[in-house]
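Worksheet for the structure shown next.
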Amino acid sequence: MTDTMAFWIVQGLHGLQFSMLLFLLSVGLTVIFGLLHFVNLAHGALYALGAFVSFSAVKLTGSYWAGFLLAPVAVAIAGMLLYLGLIKRMRNAGPMNQVLITFGLIFVFLDIFRIFWGDIALGVEEPALFSGPIEFWGIKYSAYRLFVIGLGIFVLGVLHLILSRTQIGAMIRAGVDNEHMAACLGINVEKVFFIVFCVGCALAGLAGAVAAPILSVYPGMGTEILIPALIVVVIGGLGSLKGAMAGSLLVGFIQTFGAVIAPQIASVLVYVLLAGVLIFRPAGLFPARS
Amino acid sequence: MFEKLKPLSVRATLAACVMAAGVGGVNAGETKVGLLLPYVGVYAALGNEIDAGFTLALEESGMAGDFVIVREDTEVKPPVGLAKARKLVLEDEVDVIVGIVSSGVLGAVRDFVDGAQVPLIVANAGNNDATGSRCSKYVARVSFSNAQINRPMGQWLYDSGVRTAYTMASDYAAGHQTMAAFSEAFIAAGGEIVGAEFTPFGKTKDFGPYLSKASAAKPDAIYVFYAGGEAISFVKQYASLGIKGDIPLYGSGFLTSPLYVAAEGPAAEGVVTGAHYAPTLDIPENNAFKAAFIAKTGKAPSEFAVQGYDAGRVLVEAVKSGASGREAIATAMSKVAYTGPRGALSIDPATNNVVQNIYVYETVAGDNGLTQKLIGQIDNVADAVNGCQF
Amino acid sequence: MFHQTKLKTFVLLAILVGLIIYTMNGSYFGRELVVEVAILAILAISVDMVSGYGGMVSLCHGAIFGLGAYAYAAVNVLMGGPPALAVVAAIVAAFTFGFAVGAVTSRTRGIFFIMATLAFGQMIYVMIFDSKSLGGDDGMWGLTRLDLSAIGVNLESGVQFAIFSVLCIGLTYVVAALILRSAFGRTFSGIHENEDRMRALGTPVWKFKALAFGLSGSLAGIAGALAAQHTMFVSPELVIWTFSGEVLIVVILGGLGTLVGPVLGAVVMVFLKHEISNITTYWHMIIGILLIITVMAGGRGIYGGLEQYLARRAAKAAPASGAKTDA
Amino acid sequence: MLKVANLCKSFGSLVVTDDVSLHLEKGERRVVLGPNGAGKTTLFNLLAGEIAPSSGDVFIDGKSITSLPVEARAHIGLSRSYQKNNLFEGLTIGENLSLAAAVAMGLSGSLLRDTHNDPELRKVVTDVAAQVGLKDMLEMQVANVSYGNRRQLEVGLALANGPKVLLMDEPTSGVGPSMISAFHGLLKTLPRELTVLIIEHDMDLAFDVADSITVLNYGKVVFEGTPDETRASSLVSEIYLGDWDDDA
């Protein structure tokens, strides 16, 4: 293996790793979007909550896996409360009110993080199992990042199986396609919504827990990741698993290779892509609903 | 606009409320101080450290009663910082302003305090220009300049055997000034810069692509400038990607600041940085300071706490020398010199920047987590005049 | 569809006169608050114009505002141009960007539109932040204010600048009202009501959306020019996306689609925030909770509520009259 | 005036408009008859440009408008009303009409003129309102008026839009007999040079106002002739008798 080839493979892995993180975050966002027609700007804050919970769990138990398991559960519970308290009532309130409510939630979460975890950025250690680099084919790469890539692919596979093979998956697909039709078919739409919302939140929490050892954990982390995640959703198309993955890969690879090849314009490239999609495919690349 | 220009007063601590006895209650001989720091936002932690250091200095002098403090929150937003500075000067009529963490806020405030002839003691913001081309008789800096910390590191790296270096920094003024100073000195010493990268400031989550690029260039060393959350991400990713085993990491001290190093964990072991303060500096002044700071706040001080302390000390020394009122304090603060927690310290009358030692330390595992092992010291580092004219 | 009612005229004049009186009698800091109110109110008017009357809920007006401020600074500082020219540049730049966003997003609706504006606003932020010539993270300083000495006004004076800012609210309101009651504005409202029918009637919808967004943008540009002159300094914080959300809060608080409501909202928000932040540094949370309550209550904002209250009282007084509100 | 040549539209394998050709002279009143699902509304959508044909052409005044978008066709003078009310619900009747009239008069883009208080435009609005029987209801909000009034406004919008060719999609759908006769009267008062194509279910109305009649079935033109010929046609009565439940 030549150095150049190894270099590009490593960069490809970087792109893949970032894409998977974006995927975990945006898949919940996009399915909640597609099914509930609800835009949750606080999705980023839930991701940050996942990271903070994972930080505390790791600190208490000394094990990364405690955070890995606890964060999705805690964030799903937070999502449950949000759904029952606010979101259920705001489902038909129109996009602007939803944007405003969840925008308010961002403020609330920011200060909650500050009160409980302070202003200083925190760190979470990689799990011992995946600590440090491993070498294969003459390439040295972070074991933990490979784990993140694997996890992303695993989650994609599980979600795909659930959507295509199970009863609830069929209900979700029917609901995304046509809510009234689904209700007519005797599907308990409310229940499906609730489950999907909680699962979306759990995935955001998982993304936070997974990101924590790579990045640092601080109150503003959710607000910063929100815009890339929204761009992924718009590019991919609302409500589609395929779209979320395609959007994540596009954004992840454009950012990674943009940073390596053309750092001067890297930051604008994603927006150019977005503008192009909006002009030529206003419903995104793979909209769930035709 | 309420987010950007929101001028308001934030009482950071209860103690402050006691001291801020209210407008108009200033007796003759008392000095009114405007403490202009971020209490919310990304630098809130720095603001609180500086605040604690500053009040410690006043208390320690036994002259706390001679000062009235008015605190204002910059929210790390230049327009807000400027609005607050105006408020302090025009409404509260303070004698001196102390603080300012971000260079953006300093850039916004500089012309105003210069025009209003109000002395400003800068407690962090390191932009070279503030004591260079945009220097002012009324602006003195007790913290550092970006060049001051990193210029000596160029020679030091060469002397310790590094011949080729790859530089990486956040893409904003501090990053560029840091790297310019380091690179110039390193090249002058005989070294070679084999590559330089400026990563988008505040937006870079994944340094992987840049780190892999740096690693592919096979330099003797990587020299970086990152601070806060970016420093944590950077150091951890550097270790996780396995570059740590191949290429040593050097940088300016913020990379492994005591404030953040615990979050970096074992990844930070072996990283060598240069800074204007190291907590393990074993001199009586530092040991006394550390004990007093821990007694006051319950935690060990960072370089930011020291900067706050020295800002307070400079003010106290100026007032002790008999200065009272804006003009007198401005004149007196340029002449202050003493030995403090970071060793001998004085204000350079030519630029109003601090003259101080730069310490090189390695982050190593200690009994209670990570600690700093001093491995080098460059004495009395002063910046060139750089076009400064009062 | 927009109607300038007597109540609107009264409320607007009451606010403007109130602010001027407050400026004359207030402290230095009171004047800062007044300028803040003015900048926020102008921006809120511009957002209400497209969001309230055209259904184009924008999350990029903060960025357009910042772009205006930067255009002002660029002409004033980098090119050494006079402030008057810089104001024109601010308006032109804001108009151009607004027009482009309006055109590109004209086919998108609802949440897609909102997110697209968010992303394009963020694009401006990234470009400004990355631009070395615009000072990057440090921003630009050394801005000068308009020279109105010809008419005996000295904007260097805090009081006069604050009053000038208040008058700018009035000016912006008049411009927005004239646009909304013109044939163009009514057609724009028609598009909001029923886009397909408006198109079937022969309206090239995208042109109207783009132009309306551009015109609204130019009002945001005025706010930007005012902000640049106020601080005499610009930095990327002006362009940050959350500010767009905050402006939207002000519009909702005051009353979406009422034009005068957002002015009222700006006054309430600035003074409220000032009071809350005197008490705690966790004011973000309190503002957030207030916002959630306001929206959950499903209210029509402060002005909408006032209008409703007066209409109900009038209906009680004269039960037979079927007075029509202009909601 | 309006010429349709070999117009086809299919959705997948479903052919909804099958080689339709029509020719309307200036001032002609043509009624389109046909059972439900015959493709009448689809034909209108094709003519108005709301959907694109699979093949074929549409001409106005001899010029092809096939590639023009909806709004450009309206500008040329092709105006339509809808079978299902498609109005500006939140506005008053007067505001509705003035929106349509402003477009026709080329004022809609003006930033200077206030169409609400423009005498010239005001006159068009009151004239059209009088024509469709809404003269006294200009200040009423659409959301608050009866279904019948909305049907009237639906036609009013099309008329205020200054048409040369008027497409009316079941203008009397769902209204009572008195309103049907009122509408009947309206059609007779329309300027004689206006070309009108109407989809209609009410046979009496159709035979009374039409100069000519086209019958569609399964997307095809199956009959074309004068009202008398149509009345006499066994094919037409067969289609109608065979599909009697068309009283939608």
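Each chain gets a letter, A, B, C and D, in the order it is written, and its residues are counted from 1.
Please note the rule applied: contacts are C-beta pairs under 8 Å (C-beta built on N, C-alpha and C of every residue); 3 or more make two chains touch, one makes a residue touch a chain.
From a predicted model like this one, the values you see are computed outputs, not experimental measurements.
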Least step count from chain A to chain D, where 1 means the two chains touch: 2
So which chain is farthest from chain C, going by the mean of the CA atoms in each chain? D
Which whole number of Å gives the spacing of the CA centres of chain C and chain D? 42
Cα-centroid distance, chain A relative to chain B, in whole angstrom: 36
Per the C-alpha means, the centres of chain B and chain D lie apart by a whole-Å value of 75
Counting only residues that touch at least 2 other chains, which ones in chain B make the list? 40, 44, 200, 203
Two or more partner chains touched - positions in chain D: none
Any chance you could list the residues of chain C touching two or more other chains? 126, 130, 242, 284
Between which chains is there touch? A-B, A-C, B-C, C-D
Can you list the chain C residues touching chain A in their complex? 51, 57, 59, 104-105, 107-108, 110-112, 114-116, 118-120, 122-123, 126-127, 130, 241-242, 245, 248-249, 252, 256, 282, 284-285, 287-292, 295-296, 298
The residues of chain C that touch chain D in their complex are 1, 178-179, 181-187, 189-190, 193-194, 196-205, 207-208, 211, 324
How about chain C: which of its residues touch chain B in the complex? 27-29, 32-33, 35-37, 39-40, 43, 126, 129-130, 136-139, 141-142, 158, 223, 227, 230-233, 235, 237-238, 240, 242-243, 246, 269-270, 273-274, 277-278, 281, 284
Residue numbers on chain B that touch chain C, as the complex places them: 1-10, 12, 39-40, 44, 73, 77-79, 82-83, 86-87, 90-91, 103-104, 107-108, 110-111, 127, 171-173, 200-201, 203
Listed in rising order, chain A residues that touch chain C in their complex are 33, 37, 39, 86, 89-90, 93, 95-101, 103-108, 110-112, 114-115, 223, 227, 230-231, 233-234, 238, 267-268, 271, 274-275, 278-279, 282-283
